[in-house]
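Here come two complexes built around chain A, the first alongside chain B, the second alongside chain C.
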Partner chain A sequence: MDALTGESNIVYDARGLVEPNADVPKISTIDGEKAEFDAQNLTTRQINLELRWLINEQGITDVTVRNPGAKHSLGVGLLTRCKITFDGSLGYFGCGIIDGPEVHVKGRVGWSACENMMSGVVVVEGNAGSLTGAAMRGGDLIVKGRLGARTGIDQKGGTILTMGSVGSMTGFMMQRGRQVICEDAGHGLGDSMYDGIIYVGGKVKSLGIDCVPGEWTDADTEFIERKFRIYELGTPPTFQKFVCGKKLYNYDNLEASERKLVL
Partner chain B sequence: MAEQNVATERHNPELTVGISAEYLSGKRFPYQEDISTIEDVDLMESTPGQDLNWLEDITLLVEDGVPAVFDRYSNSFVKIYFEIPKGREDEIARKVLIKHLTSGNSYGIQLKEAHAKFPQPELGPWVKGSRTVGTDWKRSVLPGWEAPSGH
Partner chain C sequence: MCGIAGIIYKDGHHNVGQDMTRMLQSMKHRGPDSTGYALYAPPTENVVMRYTTANTTTPRDYEFQDRLKRNRAEAERRIAALGAKIVACEQETDYAFRLTLDYKGELKALADQIEDISDCEVLSLGHSLEIIKDLGDAETVCAQYGLEQFQGTHAIGHVRMATESDVDISGAHPYWAYPFSDIAVVHNGQLTNYFQWRRRLERNGHRFNSECDSEIIAVYLAEKMSEGLSLKDAMEESLDELDGVFTYICVTADALGVAKDEMAAKPLVLFEGENMIALASEEMAIRAIIDHEIDTYDPYEKEVMVWTR
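So, the complex of A and B:
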């Protein structure tokens, strides 16, 4: 099949078909517990195979990936403590389903970065697309640029912090965790949220159903100051706090399995 | 009596509203009954990043009227039977959970040996040097079953 030409640097058919080459490239330069490789001529599958081989089988704890080329689904399913640096941008679904890694993305990320993230730290220097942190369960996701719509949809834990603005329906059906938005928020903020906290430093175009202003506490101050200090983000702006109004609460009517989903 | 309740739950799953770690494993663990077994757990060491990270969302809950912590890796509650010192509720809940996970007793971890499809540390990100599982996954075969024609 002919290669797609819409995105530069992608030289294979990236339309969701399984890439047939499942051989680990083993091209990394390894120095002690550190490794580095150039991903320019590798497919998504090969890049992820190389990462898993290094981390799970070679005992490497610090990997740098050169030229990730905004390919989709990079750095997914990594379930151990390690450090990964992407020296460039990621496409859709970057760093999904991770549990433990500390990731630094020097460029931007596309849709659904860190989807279902369990724990760890992801720092993105640029912007992130829609659905960032979807269904995230834990960990810190720091985006120094802006975020798209439906940020943290169905978020079940962890922290999403952006130094910029967010799009519409951010925090939709949020169930737990925290979002820190240093600039403006789009329409429908926190719509149908069950729980969790959303801090906004700029203007909110409109609040979603059952999202209401919350009372600021010392714990909020400690949390904000701690995150800004840890990630060296400077002086935090003055935030408004938003929480669930609990007018839509029907926990007693939920089945046991449904109740667990929101814990 | 508690042992009998566990056995009853296991034989009659319909009787249970929630799922407890005891129900899944068929036994109770020492760190559910003795606070001294969890005092040495280092929470900061157990999590990535420079603060508690995902443990910040873990708080002491109540299940069936008993203090409990939720294990998201097996969708079950780990009940706590010892007296919890006032002011240390969430800390104790987090320590019990980390002990449960690092001991390999979480049902989600026990399933890895047979079902992990790609190499990963058995004890997840909490234990350094944990052995790797999932290196030789094979599709389960149901004896006597044949795929329908065309599949």
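So, the complex of A and C:
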């Protein structure tokens, strides 16, 4: 049998830590500010080390990662402005905690992509799994396929836009930000949301607790049209707007600094 | 956490033992305790029985080897007493056997006779299904049982992170739907009305080999199908009658189906190709057997999907 993939390639130390002494592979082809490397035979840690080395130490601003192979946790924790193209699919937790990069995923992403994303742009050409954009704080996450369940759970800011449908409990405990869903939404949309706005272009199976239809304004039209224009998504469908009914929780939605100004 | 995988080919037989090993090995991190396979070979007139004469938790004392010999001899005596003829016997470990039997009687009678021997367990019984499970990762189990050349039409597999029952062969998946021929299940999740269903099924005359909640799914579905429901209808009923968080895959002699609970709490990634359907808890398992870019997606909550070969 040929060499098996996945965990077979990974080395653990006596404490069970993964690849404690992994070195930067330094296998990229560099051309000015652009670089490219093949991730097929690299582990997750090696891929992320190569990315950091290119971006933080070599001054590269545009990286293409070929054959990411749906490995988990790729492209996480990148905190600088740069362009990254994944020429394939990512596994779980892709692009988590990023602050600044523009990421293009040519395949799909697994569960919990862009978790805690702070800023930047992630465009996914395929589908995304559940928990996409969990606790996302800022930036734009564009998924051209469909999204799984609990999309944008605990979302605190930014925009999640999908050209497809979403699964159940999307926007659960959402606190701020916007979700734009061009097709259908599953059960419990916006359940227990504190704030934020969810736009749905298709049918909603059911609304969650304290999620109610909202009044459409010119600002909504301007926002939707702007996002579709920026990302060249064509003509937007007609959306319904959903917001928090504000009967479930007592709270205000001001930042601490904003509250000081008001008071 | 556990990892599950399934594969069904639409264009005949393939090296399903090797493909399933690749899928399961790539998900080793989801379940390091045990690995199991339910492989479907071309159906035969004979009955194939996989059974063990000891569990991994059986004490390896001075009497151990003698007990293994006694158990094997007793099993073969009881098989002969039922009028079954052993056409072939393959011994894969000290305690694991694959028997090819010329047997026309009831499978339940045969299984009950073997199960009645202390420490013996029938892993699978049927004309096509073969269940292989043991401790360790997929590479280990594959090598131990010589699965790399196994030709078949479809298969499911499981890597287990034990939570609610022991780390042993009885607690490992897949589960055969004792005593129904050629039906097996792998499951990722927890059933919260396990005891309720176990009591109901036991009252209907069924018996269980383990304390694992997943085992009742196989028997539950097989009983429904024996009452006339299709696999898809039985799986759809399970979404209302089995409580908990789960994604499970059920296989029969000619079909493979997947069901997700109403919360979609457990992952499953699906690839539907022209000649093959592959599904797994993680996409990297599917990519372990496909070397080009593919389009995959997650089925939604309360979805049941069935494919036939």
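One rule holds for everything that comes next: the second predicted complex is superposed on the first by the 232 of 263 C-alpha atoms of A that agree within 3 Å, B and C clash if a C-alpha of one lies under 4 Å from a C-alpha of the other, contacts with A are read in each partner's own complex, and residues count from 1 in each chain.
The criterion applied here is as follows: contacts are C-beta pairs under 8 Å (C-beta built on N, C-alpha and C of every residue); 3 or more make two chains touch, one makes a residue touch a chain.
Owing to the predicted nature of the structure, the values given are computational and were not obtained by experimental measurement.
Participant: Record, for the superposition on chain A, whether partners chain B and chain C clash or fit.
Facilitator: fit
Participant: Does the superposition put A:G148 against chain B (first), chain C (second), both, or neither?
Facilitator: Once the two structures are laid over each other on A, A:G148 reaches chain C alone.
Participant: Figure out whether A:R137 sits in contact with chain B (first) or chain C (second), or with both, or with neither.
Facilitator: The first partner, chain B, only.
Participant: Considering only the touch criterion stated at the top, classify A:Q175 as touching first (chain B), second (chain C), both, or neither.
Facilitator: After superposition on chain A, A:Q175 lies in contact with neither partner.
Participant: Quick one: classify A:H72 as touching chain B (first), chain C (second), both or neither.
Facilitator: Touch status of A:H72: second partner only.
Participant: If we overlay the two complexes on their shared chain A, which of chain B and chain C does A:G88 touch? Say first, second, both or neither.
Facilitator: After superposition on chain A, A:G88 lies in contact with chain C alone.
Participant: With the two complexes overlaid on chain A, what is the closest approach of chain B to chain C, counting only CA atoms, in Å?
Facilitator: In this superposition, no C-alpha atom of chain B lies closer than 25 Å to one of chain C.
Participant: Which chain A residues are contacted by chain C in one complex and by chain B in the other?
Facilitator: none
Participant: Which residues of chain C touch chain A in their complex?
Facilitator: Touching chain A from chain C are residues 18, 21-22, 25-29, 137-139, 142, 148, 262-265, 267, 269, 282-288, 293, 295-298, 300-301.
Participant: Where on chain A is chain C touching in the complex?
Facilitator: For this pair, the touching residues of chain A are 1, 4-8, 69-72, 88-89, 91-92, 106-108, 110-111, 126-127, 129-130, 145-146, 148-150, 167-169, 186-187.
Participant: So in the complex, the part of chain B that touches chain A is made up of which residues?
Facilitator: 17-19, 47-51, 53-57, 61, 70, 72, 75, 118-121, 124-125, 128, 132
Participant: Please name which positions on chain A make contact with chain B in the complex.
Facilitator: Interface residues on the chain A side: 52, 56-57, 77, 79-81, 99-102, 118-121, 137-140, 157-159, 176-177, 226, 230, 256, 260, 263.
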